[in-house]
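The first chain written gets the first letter, and so on, giving A, B, C and D; residue counts start at 1 in each chain.
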């Protein structure tokens, strides 16, 4: 399942769409690398195709999408479907950042993205320890399932 | 009706009850004096009796009560009745300052004090020109009536 | 009884205590020995004076805000909110103004109405109605030092109940009480009542419980600093004689940052010097720079800035304490959210500036401080002269002759001849120096500063200017 | 095409214009002659450059905030609210990021969805979708100067439409666009596109319509000022060559007030000096100190203080302009109430401090400025050296070799080797100077400052410190 023996999993990271906010995902990468994951970092303005190609190439366990600018809905729609087309049936999709402009209810946003096929959606004040915990659990479960 | 020929009217002013906020009424006095009224200034912590005695002595047209501390209800209650007892049937009662702690609706407070027999109730952001105008009108009407 | 700046002897003190405690039933709850034992049982971090000394050592500015809610439960939860959500360093209790004026009966009725209606019918905490038993619950639920905020003529019973309950300081001093909280009580009487309060504090202090007294000397609301500082220094001398050892020298900032900082320099220096010279050496002095206390802007955003500006001056002055107003100051007794938020506003500034060691224009501060020091010295010296070295007697005489004064006093015994006005840069100057004993250099300095503004505005400064200047900060300018 | 810092000739320019205007239907609405006539018909108080020059003459700090709402009606009423209720001196329009990236089709869809749903689906104003006709309505309804806020790689079409509509300036420069708004576009291309924009501005300027360009040089978010200032000075040289005459030299304050003020001194001095030396003498330079642009506190009270602190630095530095964030910065596109309130927050501070002529610790500012000036000179000189006197060529080469750099750049062409970190007093120092061409004195200065903090905290500063420092202001400390 992992392409490297000694990591907890391989993760493709990037900022989706036309978004340039790099600082958040850099912090996430730093924390996950410290926690023992293998990170494939794509930087900013990553298209759906680039995410998928990288995940296929590296046999990734998860794709971590960051989106701060407020256009997440526009950019994330269709990503799950494209993953399936590319044969990435079991890849985990995580999404974090500031997703909706003028968000009034976080649960609504979460619901919206879950319906698009995102596995986990995080609010901006998420503690990275929680993300690590989720990834460890999800990757293990995924490993057992496959 | 006035005890001095050349003024627009005689006004007794003071801060009622245990209240020490002097700055507001000093500004009021200054403005009314400039506008041509005769001011009898009683200062702070004026009791109902002191207001009434001063009004009787000077044959005042109006009593101007200031109250900032928030205890206005406690101190103003009964003032109109005491005026009547003292034979001050036609004296005008004006009230201004910050009347009610945690006031949510100015109209309610106004109503409350009007029911106590106060003729005019002013919110803190009142323009003094409006007070002068009211006084001029009310004093004239009072003069015509008596 | 003839007033004298002389420590009350044990006999006098205990006689008077009996009378004071008898004025209201809850007075009977006070037992000095038991009160001292209670203080000994409190952790040292709940002592106001000790916490301020720590701040002095670490060059930190601590923050608090004012508050007073009638009922115990609500006040307790309000204060805990300020402690936890507001990150307050110290707390206090505004006493309601009925209690301040010994109208305990009415305060008790107001408390009952507040309990029944759930509305805050009183404008503060009616401590006498709550008594020692009730008040101690409050003290025990708060993990910060608490000070009484009670600047009135006669705070003897409130102080007795407050200290016995665990408050570790009080604010209000005879000059404040006379100038702004009384109408026709002779200054002798006011001072005499404060001598009792200070003796009571000395009593605790001598038994190892340092209680701190706060001095303001009259409001600096469009009033030049020298006359109020002369007042607070004189009041401090009176307190020192009764055995007070911890002095929180307070003043209201007025918005010209250089002048506010200069005032802090002078107040610290001269308090130390006068107490020292007069033989009160083993004392601890800290500063408390409170936010502008005149009319506040209605707009909460602008009010935030006025608060920040005061905190900035306090940090720049390395004041041990800043007392902030809230963004709802112009309106009414603030909600706990507004109070806590206003504390965080200041706390953020303090934390960001903490290690920056920001120095304001050293030259400008020094010039301002030099004049201020000269003025203050002349007034204090004259006060001491008038009393033949007795600060209490001197203060009474000085007030009668206008050597001590305030533009917005409420007492008939204060001349209210001095008038302050802002100069071109917003510093407060004497438009009228009344009977203050100034020399030609000072008089000229103020005249020049005023002339500068008159020139810039093309008109003479007069009473209308004073009214405008009183309102200027509430209109978001200076 | 070979990049050169050389004024585009009329031929090149008009060729390129045709291509640019053809990229989207609304491009056809632009007519230069008619645009200039429209500017001539506007009152002078709506010109950004002229208003800033007035501020410079009267030593005032003007204020604005950022905003961008998709629909015309809502944006117009939003801006009028900022003008009337926020007392803004100047306004602007953030362009949405789809438009910034030439995704005009999607921006148009987003605009339609916004109109239909009444929700703000876009993160800015899609000016290309609105075209000249639509945008001019906006300009006509606002009585203040308006600037495009559009720091992206290719703002040629936005600039064409914007200036023709009546905007009188633009922000964004090639260094900013490269560092923070691109991923894999070569610097040559970015600069070349900006040469067009600057030529267009020169064209208006030559015809009596001064348009102002704003320069940031890269974000100073935990990045020492010298490297970003070297970037903005180089970009200004490139603009000057194309005929830009009005320069708004901007930078983000970072919270250490002395350092922020020192940066203003150096930026003003060196911009003037380099433009002068290189033969661009008839230019006007003003400063724009913007609020900290890193992560903001969630708490709106703390956010208020962060805003106030930046405005304070701007006033202390006598900056002609301060650009404020809002108390909702950490959350989302702010409501108009939050924006207007945040403007009033700053306006109150400006008005109160206006005449105070506050001088910060002159000595500390001078020391800080001396080092900063030395650093900035070394970088700019090296950039010019690398280009044999050609700023454009030099900047590209300097970036490739890390002589120009930024810690949080998004472009693969930027080395991101430099690392900033706060010293004990919160000033930002080079933890890693990458390939910046510094001398021993500078290297040692930064090392000493870092060592001071390491000593105080008892541990080495490393990547974790950077992450912590990035978040510190959002956690209400420094």
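Definition applied: a residue touches a chain if its C-beta (ideal position, glycine included) is under 8 Å from a C-beta of that chain, and two chains touch if they have at least 3 such contacts.
No experiment lies behind these values; they were computed from the predicted model shown.
Path length between subunit A and subunit B in the chain contact graph, taken as the least number of steps between touching chains: 3.
Minimum number of contact steps separating subunit A from subunit D: 1. Look at where the CA atoms of subunit B average out and do the same for subunit D: the two points lie 57 Å apart. Separating the CA-averaged centres of subunit C and subunit D is a span of 46 Å.
If you average the Cα atoms of subunit B and of subunit C, the two centres end up 32 Å apart.
The residues of subunit B never reach two or more other chains; the list is empty.
In subunit C, no residue reaches two or more other chains under the touch definition. If you sketch which chains touch which, the chains link end to end in a single open path, with no loop closing it.
All chain pairs in contact, by the document's touch criterion: A-D, B-C, C-D.
Residue ranges on subunit B touching subunit C, taken from their complex, read 18-20, 22-23, 26-27, 30, 43-45, 69-71, 73-74, 98, 100-103, 124-125. Of all residues in subunit C, only 255-258, 297, 299-302, 304-306, 308-309, 312, 341-342, 344-349, 351-364, 424-426, 473, 476-478 touch subunit D in the complex they form. Residues 97-98, 100-101, 103, 106, 110, 119-123, 180-183, 221, 294-295, 298, 330-333, 408, 410, 412, 463, 467, 470 of subunit D are the ones touching subunit A in the complex.
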